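Note that the chains take the letters A, B and C in the order they are written out, and that residue 1 is the start of every chain.
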Amino acid sequence: MAHNAGALDRRDTAWYVDKAVEWLVFIGGISAIIFIVGIFVFIGKEGFGFILGRFDFAEFFFSPRWTPTSLTNATYGALALIVGTASVTGFAMLVSVPFSLGAAIYIAEFATGKRRETLKVLIEMLAAIPSVVWGFIGLSLMNPLIISVFNVPLGLNVLNAGIILGLMAAPIMTTIAEDALKAVPDGYREAAEALGATRWQVIRQVVLPAAKNGLVAAVLLGVGRGFGETMAVLMATGHSINIPSSIFDPVRALTATIATELGETAEGSEHYQALFALGILLFAVTFVINLTADLFVRGIKDK
Amino acid sequence: MVGTPAAADVKLDVKNLAIHYGDTCALRDTSFQIRKNEIFGIIGPANSGKTSFLRAINRMDMFDDNMRIDGEILLDGTEVRNWRNVYALRRRVGVVFPLPVGLPLSIYDNVALSPRLAGTRKKADLDVIVERCLTRAALWDEVKDRLNSLGSLLSGGQQQRLTIARALSQQPDLLLLDEFSIAVDPVTTMRIEDVLKELREEMTIILVTNLVQQARRLADRTAFFLTGECVEVAETEDLFTGAVSDQRTSDYVEGRFG
Amino acid sequence: MFEATELNAQHARTEKLYRILFGLMAVLLILPVITILTVLVVRGGPAISFEFLFSEPINGMTEGGIFPALVGTIWLVSVALVASVPIGVAAAIYLSEYAPKNWLTRAINLAIINLAGVPSIVHALFGVGAFVLFFNFGTSILAASLTLAIMTLPVVIVATRESLQAVPQAFREACWSMGATRWQTIRHVVLPNSVSGILTGVILEVSRTAGETAPIMFTGATLFLPFLPETVFDQTMALSLHLFTVSTQVPNVPEEVQYGTALVLIGLVLSMNAVSIGVRTYLRGKKKW
């Protein structure tokens, strides 16, 4: 009767279908890796020509003169663009981090039931507003507002773009921070409360230290969001190459430079390649930010 | 005390079986044979390795990275880990685990799923199978008017019987029952037990139970597992009349611990 | 006794203070959304009419409607969905149902995080380098939609994976123990119970895709086109880019047209988002086990 088992032990259609599906979904899975590598390869393909050829490290990182269209003396100093991006992102974080973390603390530790759900939905809505609409808000609402409130000639500046970016980065920071706070075991809170600590004491002395890594990740992802934002900073910064001396100065961001100049360059030209080189810089920085944030997030889970 | 049966009469041949979860040993160096068309009882207190043994037969270790199996389990003479099509193996082995899981499908589809996957398409054929399996699991009368409601929303006892019906729908030749009556009332349990006696004609049944008397009522032979060790395998009657080789067996059977 | 009560009262007061402080911070994040929506509705509302939605822009986009942009956005979103939903769902099925815990799975997860985190303008550069030039699709709906598809892929993957993982493991084990293959288990038990969750993810992706501007600027969308696209190899107008155009590129566009365009865009995006949230809330209340 031993042959009985052998006869039934056939690889049937279902077995082969299962294997085929496994391969198919595996391809879907690794496609994410293929795409990310593809992004690097295709941007590199256009941009490395510049980096290996015309690229001058000192000029690129330390000269504020970005004059790629100059016929006689084209220079590719990205300092002003880097400072532009950094100042807007920095100001945005200054505005946004306290509020985002505060909102996360409120949602995770104080709010309950319907109020909590409503807040979460509204923050999700905030995240859903397209960046071009934010840019439009900066242009047509914030601009006149800043001019009249601060009595300055131009309302498209670091202040304007910073506030807009801060609002755009707030949802991701709030959400990730809330997750981090929620991940702190209730046992910690109960133990501290049993010792007679008030809610705030529990939060400050127990919950916040325990959630520290997640909060750092939240801020990092917020920085990444602000750093890579394109349309809103294009429309709200004033778009002029300039190292700002106050928040009322207009600036120009890396992303916005690519967005405005790419359409006007000839494919393969030095200028065109320089824009791809800016892309490589953006890609590399956000890659590092995301990687670091992920390491911090995994830090929470390992605990 | 138990003679070695002819090879053709052996359904399951367990040789030096050991099961580990990580560093924890769930079952060690166990060997015995289960004959065709017998009800083989396994008794013993919690954490004796009974459930691990059943999971090993069904190759559920594939889904648990932590679970390691050494030794051999021969089903009809073939080592279960050598089956090329593990799904065909599982189709021949029906299992009822102690925590009943009604799938989130209709009651009808719960029972019809396995025949459908095996290629039965005709509604009339499926109707017959569904009614027969549910009747044997003593559930038909309670659900025949609502076959379209969700199996996952039945009561615990009903889900338990639904799981039995599902196992029967596979038309297995080896049926593994793990504490099948845990959430079922005594009267219904008796009805299912009567069905099991009939099913013995069609298949081999391994009955893992905490209820010593249930093993006595049903099993032809019974094994006693204790903390990962197979202490004894004997004719059930011998076990209960004191003809045992290990003192611990009679202590457990007579309720001195457990 | 008295001192303890006094202390308690003081604690209760500080407690309340902190509650109000943090609540205020949450409200300050929410307030701008409500203000912005109100302003858009008040200023853009009067512009919305049948004619605005269904006619072409005329007189240098200072008059007329947004019809070609609306149609273009529908084209872009549809083609992007066709490309990304199958890949995204497959990737999520792999990660949730098949993937072993190894370095490759970690690499895939990292890649997904990075796809979501790479700036949209970098996606645009990739679209130009890969689809427009290398695959030679030219600036077309196809190139723009594929760029959008890759950019929003993480949305589908994350939502699908979440809804697959919400199906309890016990159901899978029950199904496997009956001899069902992994795929049969997915097909008959897991997918039917997560399809609505996947749908919310897809709707969310529609909302994201419709609002994106930077990735389509150089890959397929144009500022103005006097006719509607007919194939995926045509260029097209798009609502998001149209808002950019009328608010920065063309002089003397009446405020009403700008706000109207913004209102239609945000209405489209937020209503999709609301549908997604609604479906999710409804599903949460409907227990199947």
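Things worth noting here:
As a convention for this text, contacts are C-beta pairs under 8 Å (C-beta built on N, C-alpha and C of every residue); 3 or more make two chains touch, one makes a residue touch a chain.
Just so it is clear, the model here is predicted, and its values are computed rather than measured.
Taken as a graph of touching chains, this assembly is fully connected, with contact between every pair of chains.
Set against the Cα centre of subunit A, the chain with the most distant centre is B.
Counting C-beta pairs in contact, the pair that comes out ahead of the other among B-C and A-C is A-C.
One inter-chain figure worth recording: subunit A and subunit B are separated by 54 Å, centre to centre, where each centre is the mean of the chain's CA atoms. Centre to centre, using the average C-alpha position, subunit B and subunit C are separated by 49 Å.
Between subunit A and subunit C, the centres computed from C-alpha atoms are 16 Å apart. Those residues of subunit A in touch with two or more other chains are numbered 14-15, 18.
Across the assembly, subunit C contributes residues 181, 184 that each touch 2 or more other chains. Residues of subunit B in contact with two or more other chains: 87-89, 92, 117.
Residues 1-2, 4-6, 8-12, 14-15, 18 of subunit A are the ones touching subunit B in the complex.
Across the complex, subunit B meets subunit C through its residues 58, 60, 63, 65, 87-95, 97, 99, 101-105, 113-114, 117, 150, 152-153, 163, 166-167, 170.
For subunit A in complex with subunit C, the residues that touch the partner chain are 14-15, 17-18, 21-22, 24-33, 35-36, 38-39, 42-43, 45-46, 98-100, 102-103, 105-107, 109-111, 119, 121-126, 128-133, 135-137, 139-141, 167, 170, 174, 198-200, 203, 221, 224-225, 227-231, 235, 255, 258-259, 262-263, 267, 275-276, 279, 282-283, 286-287, 289-291, 294.
Only residues 8, 75-78, 83-85, 87-89, 92, 117 of subunit B touch subunit A when the two sit together in their complex.
Contacts from subunit C toward subunit A in the complex involve residues 11, 14-15, 18-19, 21-26, 28-30, 32-33, 36, 39, 86-95, 97-99, 104-105, 107-108, 110-115, 117-126, 128-130, 133-134, 150, 153-154, 157, 181-184, 186, 207-208, 210-214, 217-218, 240-241, 243-244, 247-248, 255, 258-259, 262, 265-266, 269-270, 273-274, 277.
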